[in-house]
Structures are given as structure tokens and as C-alpha cells.
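Should a chain be cited, it is by its letter among A, B and C, assigned in written order, with residues numbered from 1 in that chain.
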């Protein structure tokens, strides 16, 4: 990411790149490949996906995700995270801030399907070795904002 | 938007630009910043978002949105508009017609969440001072089309 | 699609093009223009959209869609297919593999609205005469994967 780009508006090319990055990233989470998901963050990345569960570092993210998914032990589910309405803004040092809407669809045997809580997600994205990575992600559930 | 572009197919660059424009635009609406939302329309813009509520001009859009949101007085909600499956076509004079699917997720305290009526939205987009703007938006609720 | 591109990563331009292609393609299906939908596949295209309903060739796709939609005879519905979180990868010979999340919203008179089964879709896309086309589409309903 050049200095020039970081000080100007976000290009359409960057916009599509971020969409694609998110699609790959969340597929890893939905497939429960936690180390690969954590590798989409910087080594010291911050991740706060549900109240009281803020962690940092890739190792911390992996541990948190293992802990979080224990709720599904004995409760087979398929989860699908959907993102939409991504707003990108340049941030200092060539970073990008992203904010967008999200929910997870949770599917259980027999066809029970729940469209999970509507969330607002705020990311800081940076580029390392040519790849986008999350320096941080903070998820806010709309139902908890009242 | 050059004359050449307006007479050829819509570029991928334009497609991403429109997605980003919509994400910023609807965040303004969901944040209830009605003047800023209205400023994403041309000064004489047309806005018809619900049956019997067609208005025009930015001032008219702001007034309509204040009126519409009175239904939420004493009923705290978070609303999140999602758009998907955007189809763009060039229109005369460098304009674009856009049509796409939309719904609003409405969240209330305690976690009650409703995925609002499925809609088809038809926009005419123009460029003013380098920025995309809505010359018009017409929203049709699918449930009212039978 | 040049040989160079097919052997490197998917560009942002290609990503937006695929999104737009899907938006046009599924509008045709939702509008029940089955021949036009089938024409977004290659002549020998494969289409498996629901268990036990794998067909091939454009004529086969049209026949299958007529058969499938008979369930809606006497049951007026509007259907809206939503796609999200598209992952693209280059495939041999300039093709692309795409996988993404999908559901259909089904709306009936009176406002009954169902967000249909969460699906994972796997496509192979090729370019013919400058246009993207599906060589194949395989849809898996998450509820049937347990």
C-alpha cells in the first residue's frame, strides 16, 4: 500500500480486495480452521467477537475460538457468517478502517435455522508481505447497544 | 463519467464504487443522520421508500424520514439495511440504473430481531462533482406485489 | 481471460465482475426467465440445485426449472436469491472456481416471508465469447450435511 494511496480515497480495487479477503477469512472460521483464521490477523492482533471475550495475539485468538466453540460440543451446527455494507476509510500509516454489518446463520440437523444477532463490526486492516491482515476486530451485537 | 463509458458496459471499478456508495449511504440512514442521507441524492432527487410516501428534493426527503421514524418514538430500535445482488446498466447522459434486493433488520432490546420485508429497489444514479448521487430511488416491497 | 491471469491470483476486477454476473444471473431465475438463466451456463453445463435434481445442458436446466417451479402452482410467491462471501480461485485452462453462501427469500401474499435454507454453492466459471458462464453449479443445503 503506497503512501499516496493511504492519503487518498479508497479505490474500487481495494474495495473488492477487502470483500474477497473477508470471504476467505470467514470461510476459515466457519470451517473451524482456527489457526488459519488467526493467521489472517497480525501476530499481535486484537479480537473481540462477543462481550467479555477480548483477546490478542494469534495464539490467544485460537485459544478463544476453541473455548467459544465448546458450546457446540454435542450440538452439531453449521455456521455461516455473512458480511454486508462494508465502509472503508484510509487510516494513518497505510492502514484501513472497515466497518460493516454481519450476522451468522446457524443451522442444525432437521433444518432448524437461526439468523444470528445483527452485529456492527469494526476492523483495522493492514498489509503485511502483500497480504491484508486484521490488526484488530471489534464486534458489537446490536441487541446489546440499548 | 465519460461519454465513452456511458455507452459501454459497466466496469468492475464502477460496480465496486456503487457498492461502497450504498454502504456509506445506508449507514447514514441507519444512524438517522437524515440531512447527510438526503445529501446523497441530487437536490431535486426523488425518494419513494414505502407505499404512499413518495417525496422529492433533499428537504422533502429529510421531512419524510423524520415523519417515518416517528413510529419508533418510545420504541427503541437499531435498524440495519442490507443490499445484495446489484444489477447496473448504463443510462442516457452518463447515468446508471441500479436494481437490487434489500431488507432492513430491526433489532429491539432483549434481542428481538426481525428481518424486514424483502424489497426490490430501483435507483437512477448520476455523478455530480465527482460523486455518485441518487437522482431517484423507488422501493417495492415484494409482499405488496401480488 | 489471458493465460497470465489464469495462473495468478484473482484480480479485484474479476471479483466485481463475478458479483455482477451473479446478480444478473439470479435476477433471471427469480423472474422465472428459465431460458435466459440457462443461457448463463455453457451449452453442456451441469446444474445441481437440490438433492436428486442434477441435470445437464441448457435444455435440461430449463426442463428441470419448469419441473421444480410446479410446486408453486396455485401458490403465488416471489423468490429472491441472495449470495454472499464469494471465494474465487483460478482453475486450469483459465476457469475459475467459485464457492459462496446463498439462500432464497420466499415471500407470499399477506407478508409471510421465509429465509430459505442456508446453502453452500460451488461453481466452475469459464469465459465464452467474452462472457462469464457457468460450466457447473452444485448447491449443498447446510441442513442436509449432518
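Before moving on, here are some points about what is shown:
As a working rule, a residue touches a chain if its C-beta (ideal position, glycine included) is under 8 Å from a C-beta of that chain, and two chains touch if they have at least 3 such contacts.
On a predicted model such as this, the values are computed, not experimentally measured, just so you know.
Chain contact topology: the protein chains form a complete graph, every chain touching every other one.
By the residue-number overlap criterion, the interface of chain A with chain B counts as different, with under half of its numbers used by both chains. Measuring from the averaged C-alpha position of chain A to that of chain B gives a distance of 26 Å. For chain C, residues touching at least two other chains, in rising order: 12-13, 15-16, 84, 115.
Looking at the complex, you find that chain B touches chain A at residues 12-17, 19-20, 22-24, 26-27, 76, 78, 80-84, 105, 107-113, 115.
Against chain B, the residues of chain A that register as touching in their complex are 10, 12-13, 15-16, 84-88, 99-101, 103, 115, 117-118, 120, 142-143, 145-146.
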